Each structure stands twice: as structure tokens, then as C-alpha cells.
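Heads up, there are several structures right after this.
Look at the two complexes coming up: chain A is in both, with chain B in one and chain C in the other.
On to the complex of A and B.
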């Protein structure tokens, strides 16, 4: 697994996405401090609601899931799959490494947001209730990031096509940002898109609309896509 | 060690890529010869457990390789026909990665990587990215990765493609040295490579094994059938339409042809010793 983690760490795009996200956050924090000082801490607490979740999504889709199609793109899979550990062990190592690096990305963004907020806000410590609220949002984001990574990785592994996987997994997430929860009804298509593809979790919020339903949906989705991935691997003799 | 192909067939839809292949391989170098589309790569992929046969199985010392799984792959080194690589890895990084996937410890991986890069003449290029290497150099990295872990079974699909003559001679030396305790299956269109290293040659045509014999036994079958004929160039076509021709050289207004014929094709025809190209033409021409 260390090799897989090293590979991601040495991928410049991983750090580029994080730096871009942190850079954007810096600009927004400055503008918030300058023009919306009254709600500066509230806006900082809502970091995951837009910019943070988008950064994490890009990190997962652009960088982390690519490991699951790279062997087909580079035609290295015959060599890899003919080694002792190039099938099952490598698959699970890549999943584990991706999960860890998704969590690391969230942690880095968390630390960056706190640091930027303090620096631009010219403070030394955060308000206690703010820190508690932000930490609890971050835990939800970690859960969402891991789940979103797993589903996206399974999809990418199944179809062995990175651009297509980005579209399949990115589209519902992207659309969900434009859905106004105030006007959607339960079991509506847009309700399903809004809540059913990790958007709320990546935005640091547990799902408030029928949580029991989503408590079943998410494990079923993850397990279902995992089984599909395993089935395709067995067909391709990669397991 | 014995590798047995037991009634192997492979269908792609209705197309039979392989039919009823029965082979037994022990230590030594086996050359796999056949025209494009004969089923060589399919056979190799089945042998490396990358492709499931439609019928039959491959047994290693009596055990099905599909069931052996990682235990079989631990003893396997494979160079595919279109050798792929990670462009941004250096040659050394790539070999170290493959070494770890083969189960080598960090120390062993480093040791064998250095030794193999030296063996294939790429030690000075070890820190160069794969995308910066020439085709022949990448092929040599491919040969090196197949040899990592000192596998008992080597499956090499067109290993000398893109190599210059000096590199091909070096490769032959490597294979000859390794063949004593290993089973090597080598597929190539460069028949002279097989003549130099193969203990036995497997002829594959349209998914069937035509014959499996030692090179000199195969060549002996062509004794008295290979001729050199020198005729005016305007008569060349008459000969090439009538006889299989393995080489034509133009010398002024004369055409010097190397042809296959059971009877003497021309009064001035001179008998020649058959070579592997004549053999290939005889079976597949």
C-alpha cells in the first residue's frame, strides 16, 4: 500500500487541486473579510458547502480514481495481472490508498481553512462553538469523501475509462448544486439526485430528509457497484 | 516441472481462435511460430492465466493454473506483444514497482533491478523516464521485468521486436543461459532467433498445432527441396507463380531466386541448405 500512497503523493495534480482550492479559499476569505465582516465566521464555517466540497470532488474524480483505469490506458494490465500480487491485493491496496488520500485531502483543506480564516481575520484562536461546528461538518465530509471515492473508484474500475467515469460520477454531483431543496418534493427525481450521490455529505451535512431511506440507499449503492466491479474483474481475469 | 495444455480451445463468438491444443512443455526453449492470426498471442494469454479458455485447461505439475492463482503467477514472467508502461516512471522505478508486485522484498527488488538493467544494457539509463526511451530500450525494460523474480516459466511474445541486431544477439545469449532450468515459450516472426535458441518449435496455423519438433529435424524434412535459381528478370514471374519463393535478389538483368521445390526446378538450379525462413514458407506460404 505504501507504493500506491507514494504514487499518489508524487502525482503533481493531487497537490495542484489542493493548492487551487486553498488559493480560491484565500481569495474568498479576503473578500468576505473586506465586504461581509459581520458574517465572516459563518461564511468560513460554510466552507464545505461550496468550495470545499467541490475541491474534494475534483480531487477524487481527477486524481484518486484514475489509478483504476491507468493500467488499461497504458496497456500495462497484462504485465500487472501476470504478477503474484497484481490482481486482488493490488486492487484493495489501491482502494485503501485512495481512501486514505481522500481523507488526507480533507484534513489538509480543513487545516488550510482554519489557518486562512485566522490569518485573514487577524485572530489567534477561533471561537469555541465555531471550531466545534466546523469539526463536526468535517467529520461528515470525511464520511462523504470516502463513500464518494469508493463508488467512483468502483465505476472507474468497472468501465476502465477515466473520462467516462468522471462524467458518470461527476454529473449527478454537479447537477445537485443547482437544485433548490426548498422546492423539491420527496421521491422526486431532483430530490433523489440532490440527496442520493453524496452531495450533502460532501457539503458537511447529514441528510435531514428521510435519513432512514438514505441509510439503506447508500450501503446498497456502494455494495452494488462493488459487486459489479468484482464481477467485471472476474470476467477479465483480474481477480 | 511440466506444463501441460489439455485440449485447449478458445472461441471469440463463432470464430475458433484455438482448437484442440494439446502440448506438454518441460525445461527448455520452445519457439512458437505461425502467421498473423494463427492464435499465438491467444495461446500465450491462456498460458499466463490472462484469458479463460473456452474448453480445456493448463496444468502445472498436474494442477490447474486457474486454481493455483498467485502461486502460479509467482513462478511466471511475461512479456506481452504490446508492452505497456507508465510514461512518467523511470526505468528503475518501473522495474521496482513490478518487483514489488511480484512479491520481492525491497532489498531484493533493488538488487535484481540493478542486475537486470545491467544485463539488458540500460543501467546508465535507469533514471530516464520511460517515455524518453526509444522503442528498443523500452522493449529491453520489458524483457528485464519479465525476468524479475527469477521465474521458472517465461512467456515472451515478440520479445525482439524493435531490437537492433546487437541487442537481439544479447537477448539470445540471455535466453540460452536461462533455458537450462526454465520453461521458455517464445513467439516471434524473426525465425533466425528461433533457429539460434529454440530446443523445439511449435508450428501454429489457424488455431491448430501443425507440428512440434526440433529445428534440425524440421530442417531435415526440407533437404533437397531448396534451390537457388538464376534467370533473366523477365522470366522471374513464371517461377514465382509456380514455386514458393523465400528470397529474390536482382543482379543486373538477372534475378537470383531461392525457391522451394521437390524436384529440380531448372537445369541451372543449385541445391541449398534449408533455413528457418524456408521452413516458415513451406508450412505457411
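On to the complex of A and C.
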């Protein structure tokens, strides 16, 4: 697993995505400080609602799941598969490393947001409940990031194509940002798209619409895509 | 022409192309179904049809271009076959022209299919009534509604969309030439469009001061502004505002931008060869 973590850490794109996300947050924090002072702390608390969740999604789709198709892209999978640990062990180590690096990314963004908010708003007294509220949102984001990474990784491993996996996993997530929850009804198609693809969790919010249903949906989805991935690997004699 | 055909065959061999097509068909069916409804006033019905591009046409076109064009300029580099390509006498020029030719044809096919389906399905709901009557309502050209028939304006809108899509395709190809990675190109080009779309929809709620002025200028000159038809009708930066008679100026502007992108692409292509 250390090798896989090293691979990801040495990928410049991992740090570029984080730096771009932190840079954008700095610009928006400054603009909020200049023009929307009365809601400065509220907007910082809602970091995960927009910019933070988009940064985490890019990190997962662009960098972390690529490990599951890189062998096919480089035509090295016959060599990898012929080694003693190149099948099952490598697969699960990549999953574990990806989960850890997704959590690390969330932690880095959390520390950066706290640092930027406190630095730019240093002339104000920090509200006592702000840090606690932001931390509770961050825990939800970590759960969402791990779940989203797992589903995306299983999809990428199943179809062995990074751009196609990005489309399949990124499109529902992208569409859900533009869905107005005020006009959707339960069990509507857009209701599924809005709540069913980790968007709310990545935005730091537990799902308020029929949470019991989603408590069953998400584990079933993760297990289902995992079984599909295992099935495809057995077909290719990689497990 | 044959080399364009080979580029098309290559395009159809990419897995993400088919994934993109399936998702696009699903999105088109849902969008057309949600926007096809009957209104008593026929003029208002045509007005709803005119907004198909704003509702789903532009975003769907951007999605198909981002998926379909991203791999075009970096495929040979990813597969490490670009050196072989340039051993041919006219390999550089022919491969570049065939890729550009395919990109133009692909953009045209995307716009024609989306436009034809939208116009035919929506207009057939009310039987193409008043198709050759002059427009009564127009969301975009408020300072002087175009004095053209409803059907003609519907088609002209998709010509405007085609120019915007060409602009976006040029941008995606430039990003592909610079990054040389398909996934990164899809992210950057698709992400840029989504960022511009987000600014258009809700930008005024979270941007203030000079930031909104800069964002507005970027928006007006961007491909998203042309794809969503806004830049053809309102161009405050150059004092063109809402008149149909001034639309030719922005058409010339976007054609100039597309040609400039072509020249820049050729310079980058030739520069890549010399390495």
C-alpha cells in the first residue's frame, strides 16, 4: 500500500487540484470579506456546499480513480497480473490507498479553509459555534468522499477506461448541482439524481429527504458495483 | 476526405465516445419530454421553442464536444504513435487538416441532430402553426424583435449555436494540445463551460464589485456566451445591445475567434513536430 500511496503523492496533478481549489477559495474568501461582510462566517461554513465538494470530486475523478485504468492504458496489465500480488492484493491496496488519499485531500482542504477564513477575517472575533459546525460538515464530507471514490473506482476498474468512468460518475454529480430541490418530488428521476450520487454528502449535509431509504440505497449501490467489478475481474481472470 | 473518414473510425473506437452518446441520448430524451407541452398562444409556443438551446441544447452540445473532441489531438501522443505519423511526406499537414475537418463535421452533426430533433418534436406538438409568420416574442433581441419568420429564426439560432460550438471545440483542442491527456482535457474544457454556465445562472449572487465586471467580460467573450445565444444579442463591452440588425457584428467576431484558434492550433502542431 505504501507504493500506491507514493504513486499518488508523486502525481503532480493531485497537488495541482488541491492548490487550485485552495487558490479559488482564497479569492472567494477575499471577495466575501470585501463585499459580503455580514455573512462572512456563514459563507465559510458553507465551503463544502460549492467549491469544496467540486474540488474533492475533481480530485477523485481526475487523479485517484486513474490508478484503476493505468495498467490498461500502458498495456502493462499482463505483466502486472502475472506477478504474485498483481491481482487481488494490488486491487485492494489501490482501493485502500485511494480512500486514504481522498481523506487526506479533505483534511488538507479543511485546514486550508480554516486557515484562510481566520487569516482574512482576523480582525473579527471567531463565532464559537463556527468551528464546531464546520467540523461536523467535514465528517459528512469524509464519508461522502470515501463512498464516491469507492463507486467511481469500481466503475473505472470494470470498464478499464478513465475518461468513460469520469463521464459515468461525473455527469450525475454535475447535474445534481443544478437541480432545484424546491420543485422535485420524491421518487422522481431528478430526486434520485439529486440525492443518489453522493452529492449531498460531498456538500457536507446528511440527506433530509427519506434518509432511511438512502441508508439502504448507498450500501446496496456500493456493494452492487463492487460485485460487478469482481465479476468482470473474474471474467478477465484477474482475480 | 479519406483521412477524415479514418479519424471518424478512430473516434468511434473510443469507449468514452459511446458512453457519451448513451448519456447524451438519455439527457436529450428527458429534456425534450420535460419541455414539450402545449400552450394556447402559438406565438408563446414558438418563444418556448426558441429557448431550447438555453434549456438544454447548449449544455448537451458542450458535453458531446468535450467527450468527442478531447482525445482527437492527444491520442497519438498517448499511444506513442505520433513519431510514426510524421515520417510521411505530408503527414503533419494531412493529419492536422483531417483532424480539423473531422472536428468541424462532428460539431455540425451534433448541432444538426439536436436542432432537428428539438424543432421537429416541439413544433409538431402544435402542428408548425404560424411557422412562416413573423416573430412576436424574443428573449434575446429585446431592442427590436427580428423581422423574420418563426421557423427561419429557429434555424438561425442553431447556426449561432454551431459557431459557438466551433469556438468551444477549438478551445478543447487547444487544451488537448497543451495537456496531451484526454481525461485532463475533458475536465478542463467541461469544467470551464460549467463554471461559465454557473456564473450566467447565479454569478450575480456571489460576485461583487470589479470581480463581476471582469467575470461579465469573460462571459461575453467566452464560448458559453455564444453557445447560450446571449453574446449575439447583448455585448455591452462593445456597445452592441439587443438589436437584430447588429447581430452580424458578433457573428463576424466569433468567426474571427474561431479562425484565430485554428491558426494557433496549427502553430502549436508545427511546434510539437519540431521536437
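Assume the second predicted complex is superposed on the first by the 235 of 239 C-alpha atoms of A that agree within 3 Å, B and C clash if a C-alpha of one lies under 4 Å from a C-alpha of the other, contacts with A are read in each partner's own complex, and residues count from 1 in each chain.
In this text, contacts are C-beta pairs under 8 Å (C-beta built on N, C-alpha and C of every residue); 3 or more make two chains touch, one makes a residue touch a chain.
Values in this document were obtained by computation on a predicted structure and should not be read as measured data.
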Subject >> Room on chain A for both chain B and chain C (clash or fit) >> reply: fit
Original post:
Is A:51 contacted by the first partner chain B, the second partner chain C, both or neither?
Top reply: neither
Subject >> Touching partner for A:156 - first (chain B), second (chain C), both, neither >> reply: neither
Original post:
In the superposed arrangement, which partner chain does A:60 touch: chain B (first), chain C (second), both, or neither?
Top reply: neither
Original post:
Should A:79 be classified as contacting the first partner (chain B), the second (chain C), both, or neither?
Top reply: first
**OP:** Using the touch definition from the top, say if A:166 reaches chain B (first), chain C (second), both or neither.
**Re:** second
**OP:** Give one of first, second, both or neither to describe whether A:120 is in contact with chain B, with chain C, with both, or with none.
**Re:** neither
**OP:** Considering only the touch criterion stated at the top, classify A:34 as touching first (chain B), second (chain C), both, or neither.
**Re:** second
**OP:** Check the residue A:3 against both partner chains and state whether it touches chain B (first), chain C (second), both, or neither.
**Re:** first
Original post:
Of chain B and chain C, which one touches more residues of chain A?
Top reply: C
Original post:
Looking at the overlay, what does A:237 touch: chain B (first), chain C (second), both, or neither?
Top reply: first
**OP:** If you've got the overlay open, could you tell me the nearest Cα approach between chain B and chain C in whole angstrom?
**Re:** 9
Subject >> Residue ranges of chain A touching chain C (in the complex, touch as defined) >> reply: 13, 28, 31, 34-36, 58, 61-62, 66, 73, 159, 161-164, 166-168, 171, 174, 177-178, 189
**OP:** Provide the residue numbers of chain A that touch chain B in the complex, in ascending order.
**Re:** 3, 70-71, 74-87, 90, 237
Original post:
What part of chain B is in contact with chain A in the complex they form?
Top reply: 45, 48-52, 70-71, 73-74, 76, 78-80, 82-87, 97-98, 100-103, 142, 145
Original post:
Considering the complex alone, what residue numbers of chain C touch chain A?
Top reply: 14-16, 19-20, 23, 30, 63, 67, 70-71, 78, 182-184, 186-187, 191, 194, 198, 201, 206-209, 211
